[in-house]
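Each of the two complexes below includes chain A, the first together with chain B, the second together with chain C.
Up next, the complex of A and B:
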């Protein structure tokens, strides 16, 4: 029993890293721009298909697809932020409802554009070498899952360091805290919005390239990741960076451990149920400070 | 909203009445079953878009779980008519009642939550319903879909009869919603809650009760749409509760113009019908087009089609 629990916790940490990265990137965008990006999962889809296309021309591995996904999605993110989000921005904040409906439309557009381009089939990354697995007793960890965890952690850490120790990171945090004061101190709020949206999107794209070897890529994959990114940041607290990391791992572990008590299929309820509970009981999340009556 | 004199108000209703009559006479002209089928489905979407608008455009409550109201109505009616032998005609009301109850429960978080937070809470409820329906295979047949329930009895099983059944359901539902939202005291109260709920509370309105009421009414009509769908198509699957349907409903309502009921209903009919006809032409770009049109409307015409019509007057 104890052994089972340990095994499921370890497996939960494996997916938790991904949730943490997704939550972190979404909460960055929300914290700075106050926009609820329903199309966040589609950025992951674009990253995943970037990896698929690279795989088709024989470029596999980890670093090349992730770097390419970051480049492609940064570019897409910049266009979206400039063309679609900026017109909805007034005094450093994106109009809440219009921003939400806009990204809904974007999500519909992108997922179906991917469907029309690549077809409905699951696409795998061709020519991927089996990466082996680590076995400790009953615990089996596939190499690729370990890579997803490590990759997520490295990207999350890089983002944290960037926000904490660079001038640009400081400017991003300043705009998140108070756009008027930041603007008054010579920070271009518009430019920071562009950079933040592109940065958050790029991280989701990188996550897409990381997970494709395990989950494969398919056009509708984005929405469930959008949902899990939202679950993560609601549990952690909207806008809270450390909350997203903590909640990501908690969510991964809770989902994994629930398999002991819940039959397969029903364990998918854990995420939405936790989000609902958190919203009703503690809308500000575990580490959030803002009062949730936005 | 400016007040019109009763005569002006009646005059404004004339074009709408003419359009409704024209739509009612369509089966006399349209003989192609596929086209008639598409028109019938458009009517179901009209109810859905209007019910979303009642909740958002009037009461100011964002629902990301409207597909769940629809699915709840569809499954409730289908399951009741199969397991309990309920007549599908009564099932329409039973489906509405079940979805209304579900809407009531989903509305509870609105006590504490607004905007984005409420949207996510309704989304969570919707996803949970979808997961239950998918996995409760012994009752719902899971992903296979439920197809054991009967169609509408006592009417000929022709596309024309189905069209009229659902057309009447849609016309009645939409009119009732319009009267409730735009012409009744309740609608006025809901708009007061949406505009400033603290002030509304201070004026003696029980804000929380009004929000719950709005969720229940909106849920009822979305559930009626679901029940009509269930007995028309005679197959209900967990896909009906997927969030892609909610996104479609929100798109139709936004393009039609929120806060008008009629705008979303008309837009839903046009959008669904046009995309279905495009599918005959073999295009797969219909959903891409809806997404693109939605984005253009949010950018340039946030008031929707109804906003253009209003400006011209």
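Up next, the complex of A and C:
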């Protein structure tokens, strides 16, 4: 029993890293731009298909697909921010409802564009990145899952350091906390919005490239990741970077451990249930602030 | 020549018009005040001057250059500093981080350090509290922090929206003492204020707005002599 628990916790940490990365990137976009980005999962889809295409021409490994996904999705993110989000921005703030409705439309458009381009089939990178497994007693950790965890942690840490210690990171945090004051200090809110959206999207794209070797890529894959990203940041507290990391791991572990008690298949309801519970008991989330932005 | 000039500014939010052809001129090295009852358009005027809202009509000139359509951060780059009515700071960041943010456009590390020590020298309370989050500062200390933050770019012109708001009269005197010192050292100030008496005691030139238009422009002495205040705040019948 205890052994089972430990095994499932370790497996939960593996998926938790991915949830943390998705939540972190989504909360960055929400915290700074106040855009409820329903198309976040589609950024992951684009990253996944980037990896699939590279796999098809024999370019596997970890670094190349991840770097390529980051490049591709950064570019797409910049275009979206410039062409679709900027027109919804008035006096340094994105119109919240219009922003959400726009990304909803964008999500449908992108998943259908992927469908039209690559067809409905499930695709995968043919085991190129999978490298053996670590076995400790009953605990089997596939190499690729470890790579997903490590990759997620490295990217999340890089983002944190960037936000904490660079001039650009300082400006991004400033726009998130008080856009008018940031402008009064000489920060271009337009530029920061472009960079933030591209950065957040790129991290989701990287996640897509990391997971394709263990999962299938298909046109509608993004939606469930959008859902999990939202569950993560609602549990963690909207706009809270550390909350997203904490909630990501908690969610991964809870989902994994629930398998001990729940029939397989029902563990998909653990995340939504936790989110509802959080909304009732502590609506601001684990590390969220009660105070709304001015 | 006027350092800052607004000519026939018309502006508002959405469909509503708040400013209706307001003009104003700010002389270098002087304190220019703007007064007027609630809703006269004082804050809107400053937001249009700063580029937070784009005027529908009229011009804003800085040193003779047309800056009407320039983004806010470019105006800061050109030597204007702006202290908004409320929350012109970052509550979760420390005093020192707020000052660092104020020096966002100052690329040189040594220049930033120098300006910070100048600010700490001018306002010792900020040095004492440098590591505390701004949220823990009192109202008066916050206003001092916001002035200190504005000084980090070494601005030629500082625009303040109601520096006395929410402060006790003792603190208002302290804050205005600091502002007077700044003006004495050659910084131009444009101040919008509800606290008319205080503003008139420091301003070299004062504008009165009413219903989004110019009502008066002249020295504080002329303002008092003509009895503009009574009309402005008590209604036309009181004149």
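Just so it is clear, the second predicted complex is superposed on the first by the 285 of 294 C-alpha atoms of A that agree within 3 Å, B and C clash if a C-alpha of one lies under 4 Å from a C-alpha of the other, contacts with A are read in each partner's own complex, and residues count from 1 in each chain.
Going forward, contacts are C-beta pairs under 8 Å (C-beta built on N, C-alpha and C of every residue); 3 or more make two chains touch, one makes a residue touch a chain.
Just so we're clear, the structure is a prediction, and the values are computed from it rather than from any experiment.
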A:57 touches, of chain B and chain C: first, second, both or neither? neither
Chain B versus chain C as contact partner of A:183, first or second or both or neither: second
Which of chain B and chain C A:2 touches, first, second, both or neither: neither
First, second, both or neither for A:174, with chain B first and chain C second: second
Partner chain(s) touched by A:115 [first = chain B, second = chain C, both, neither]: first
Partner, of chain C and chain B, that touches more residues belonging to chain A: B
Footprint overlap on chain A, comparing chain B with chain C: 294
Contact footprint of chain C on chain A as seen in their complex: 91-92, 167, 170-171, 174, 177-178, 180-190, 294
Interfacial residue positions of chain A with respect to chain B in the complex: 36, 84, 87-88, 96-98, 100-102, 104-110, 112-113, 115-116, 220, 223, 227, 230-231, 234, 238, 263, 265-266, 268-269, 272-273, 275-276, 279-280, 283, 292-294
In the complex with chain A, residue positions of chain B that touch it: 62, 108-109, 112-117, 119-121, 123-125, 127-128, 131-132, 134-135, 243-244, 247-248, 250-251, 254, 284-285, 287-288, 290-295, 298-299, 302
Interface residues, chain C side, partner chain A - complex: 50, 52-53, 71-73, 76-77, 81-84, 86-93, 100-102, 104-105, 149, 153
